[in-house]
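Both of the next two complexes hold subunit A, though its partner changes from subunit B to subunit C.
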Partner chain A sequence: MPLSRRSAVGVTTLAVVALAWVLLTGVSGLVSPGRFPTPADTWAAGIQAMMRGYGDATLVVHVLQSLKLVALGFLASIAVGVPLGLLMGWSKTAEAVLNPVFMLLRPIPPLAWIPLAILWLGLGDGAKILVIFFAAFVPSVINTQVGVKTIERPVIEAARMLGTPRWRFVREVLVPGASPMIFTGLRLSLQASWTTLVAAELVGALAGLGHMLNLAQQDLYPGMILVGMVCVAIFGALTTALLGAVERRALAWKRTRGGAA
Partner chain B sequence: MTDVMDPARRLLLGACGLIGFFGLWAAISGSGLVAPTFLPGPLDVARRLVFLLTESFAGGTLLVHLWSSLQRFAAGYLLAAAVGVPLGLLMGRFRTLDDIVSPLFDGLRFIAPIAWVPFAALWFGTGFGGPVLIIFSGAFPPCLLNAYRGAKHVDPRYLEAAEMLGTPSGRIITEVLLPASVPSIIAGLRIGAGLGWQSLVGAELIVASTGVGYLMVQAQSAVSTTTVMVGMAAIGFIGVLIDVALRTIEARIHRRLGGA
Partner chain C sequence: MSSIRFDAVGKSFGGGVLTLQDINLDVADKEFVAIVGPSGCGKTTCLRMAAGFDFPTSGRVLVGNSEVTKPGPDRAVVFQQFALFPWKTVTENIELGLRNKSVARDERKARVADAVAMIGLGGYENSYPHQLSGGMQQRVAIARAYVLDPQVLLMDEPFGALDAQTRVVMQEELVRLARLNPRTVLFITHGVEEAVYLADRVAIMTRRPGRIKEIVDVKSVRIAERWDSHSRIEDVMDLESFVHLRTHIWKSLREEKAGADH
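And now, the complex of A and B:
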């Protein structure tokens, strides 16, 4: 029963919020439509963005542009970050050499790379992918590194004693052993990717959800701002759910082995 | 995995890494393969830092910009802590409040803090209020979540004992729930500070007309790569200082609670 009670309260809350939205903006006009859009404004803005387009492109084009940049930056950071994390977790020497450099660069927030990325690569896709890469890189390295360190020692010793060749060792001991932490890192990386993407597109872009938000802000078009924000939330949630599905598949062996997830 | 490394060797290797990093940087920028506006050398950046401490750029010296960033950060962050921590504790204590707030919170959480920039500018302007809202939206979720988790993980026996003794609800929160959740709350405050500081930079890049972020945007338009890099270093440095300050407070509180 507690679940149904919880969802009942949840649904009621959302209904109350929706009602308050209608009452405050549309019916009573307590909140001016120039500050927060009415439901009708938002609907109209959504339809406009989908059908006629806003900012030289339809909503689908903006969404695809943003998804493309997030995917490229995120995948690039995994491709470099996870192997580097494995190396730093496994080899003490690599860790000792690389850690200070890492500590030096890590405090610089990903968003602070945006102006430099623009100076280097301009306002095109390259600069955004670079910034997303920086943002997603740190969590994937750190968590992979921690993941390797949490592998139980007997497992590693057994593999060594059996003379497992290097590549098989990486593929069958290191990666699976670290994979729960790797996925924790990837979730954080994905979140960071979205934040950074929106910021980078707000600073300057020719298409994408951030570009839409930026135009809507300049045009003082609250309905379109809300449409843009809702899209950011929806696609952030969808990509997170997708990563969760991949994780469940990749870690299926963990559950079957005894349910200690 | 391998045995513990000799500290001297570790230090040596670390120094090699750092020397390698700065050496590579200086070599690339000094080689003439890339334009100095593309990648200035480490020494150019250091000289520029000294210059910006006394000379003004984009309306103020580096310290003036940092000061206005810090003021915004303090306002947004303290607001996030002042709302997030009590709300999290109350949600951990009262199921109904939890059921009401959680769906709203889960919906809003997926909106990246930076996506609030347009509304923040529309509602509170681009001077102080707008950026403060963005810092708030960055720092708020970890403050709330960690207080909530802390309150949920309090040993129910303490709560039952307090209830049995007829402790009023307010006192249960301040004298049982709060002290027992302190470690989790502090962890949340540290994460929140990091995210808040990062959101501030984003907000200043986009809307503000003072602050380090603004300094960097102006430097970018003026193709002053050294100034951009000085800004990055200053942001990183202040971020570390904030974290160190919170760690110190954390250690002090742990000592006072007797390591509980």
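And now, the complex of A and C:
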């Protein structure tokens, strides 16, 4: 499907959803505003959050705080996860040593780390970043590990035959060879970062979208709840799109035949 | 001194079925030896042992005077499956070995340009392997090995994916290079004519377990019959002495293939 047609379909879908929202909550009154806010309520809540602030901070501050936590947790998980995945994919010994640990850690839901994280790092940002780190870490390790194993053996042998020194081998063979799977891992890690964020911010936060959502729930303020959710959706989508752009650049060599020669 | 010596080499993979049995083959320094044999008889395995990717179960493989323990750029390999780096352009693929040898940038660029010209891929320097046809990829794999200027060249059906015209050009080029600057070459092929045209000696293998059945001396005939006075491959292939050798090898191989049918 051509791009313009696809985006036209997307816009139409969103328009239909918006229309349904207006009809169900505002016009027909089928859904009471106490359960789901009308567009007007939501708009008002949005303006309030932006101008006067909500929960001791303006919307911009909440968004920036959440973006900071997601970015730091996500980047930390890549910085540790990708090298560890490379090691486990390459070295049978490392895999044998580390895999049992992973089998034990994997079933633990990331949120179950919150009590320990708070015990270690207190109620500040550190504990929240650590929880996001735990959530984002696993997919980046596992997918990198699988990515290394998908590199064809003759390609690795060719690199050895050419006398490629170790670090160049890692940089120019192992990493690019595993990169399609590494990016799959990064996308899952980013997603996990956002899903964990809101829960991580429920405890002892002074700002952030999760904090805002928590307050709005206590205040029985559906309009503000929706504003918080929409912000998570928008910035989640934006960071995902950013990662997608990086991926397209990094994997340019993979584009299908017939691309510019 | 870069001879290759297979000394009573036997090889079985894991289970214990014998793949290669008592392989004795000496490729002298700067000699060109071709191996022909039925599919699955262990030709690639022989080459991989010389390259240092596989190791004999019994016997020894020596290059120069030392036993092969690991791969290295002194023994350039042209792989049967090309094995190019999909994320590197044509130039980057060819250049990696030279960078590993710390060849200076200017010399490197010049040698890569020569290699690209030799394989006739001018204009494709910045293409990625998936943008090339199978034959073009194979030529990049050949250039990647040639550009190292190695003492030993190990080539596993290097012209298998080429069309007939390109193959002839590459064969003539290989003969020209071999005369100009002789190397120790172990060359695997299914093409009997190609083996006779290129090699000093042709080793014929039996089907499983692979053994060396016969080694045919081509070089003495080539010199005696002055094949080199013909520059074109088709003229050489028309010579009675050429046809005689070719037919001899064909028959020897046919016996192996016929054996496989029972």
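The working rule: the second predicted complex is superposed on the first by the 235 of 261 C-alpha atoms of A that agree within 3 Å, B and C clash if a C-alpha of one lies under 4 Å from a C-alpha of the other, contacts with A are read in each partner's own complex, and residues count from 1 in each chain.
Following the convention adopted for this analysis, a residue touches a chain if its C-beta (ideal position, glycine included) is under 8 Å from a C-beta of that chain, and two chains touch if they have at least 3 such contacts.
This structure is a prediction, so every number in the text was calculated from the model and none was measured.
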Partners on subunit A (subunit B, subunit C) - clash or fit: fit
First, second, both or neither for A:P222, with subunit B first and subunit C second: first
Which of subunit B and subunit C A:R6 touches, first, second, both or neither: first
Partner chain in contact with A:A71 - subunit B first, subunit C second, else both or neither: neither
Partner contacting more residues of subunit A (subunit B vs subunit C): B
First, second, both or neither for A:V31, with subunit B first and subunit C second: neither
Contacts of A:V101 with subunit B and subunit C, given as first, second, both or neither: first
Which superposed partner A:V22 touches (first subunit B, second subunit C, both, neither): neither
Centroid geometry (CA): angle subunit B/subunit A/subunit C, rounded to a multiple of 10 degrees: 90
Subunit B versus subunit C - smallest C-alpha distance in the overlay, whole Å: 10
Shared contact residues on subunit A - subunit B and subunit C: none
Residues of subunit C touching subunit A in the complex: 51, 53, 70-73, 75-77, 79, 81-88, 96-97, 99-101, 124, 126-128, 130-131, 144, 148
Residues on subunit A engaged by subunit C in the complex (per definition of touch): 152, 154-155, 157-165, 168, 172-173, 176-177, 179, 253-254, 256-257, 259, 261
Footprint of subunit B on subunit A - complex, ascending: 5-6, 9-10, 13-14, 17, 34-36, 90, 92-93, 96-101, 104-105, 107-116, 118-120, 149, 153, 156, 194-195, 198-199, 202-203, 210, 213-214, 216-217, 220, 222, 225, 228-229, 232-234, 236-237, 240
Subunit A partner contacts - residues on subunit B that touch it in the complex: 1-2, 5, 9-10, 13-18, 20-21, 37-38, 96, 99-104, 107-108, 110-119, 121-123, 194, 197-199, 201-202, 205-206, 213, 216-217, 219-220, 223, 225, 228-229, 231-233, 235-237, 239-240, 243
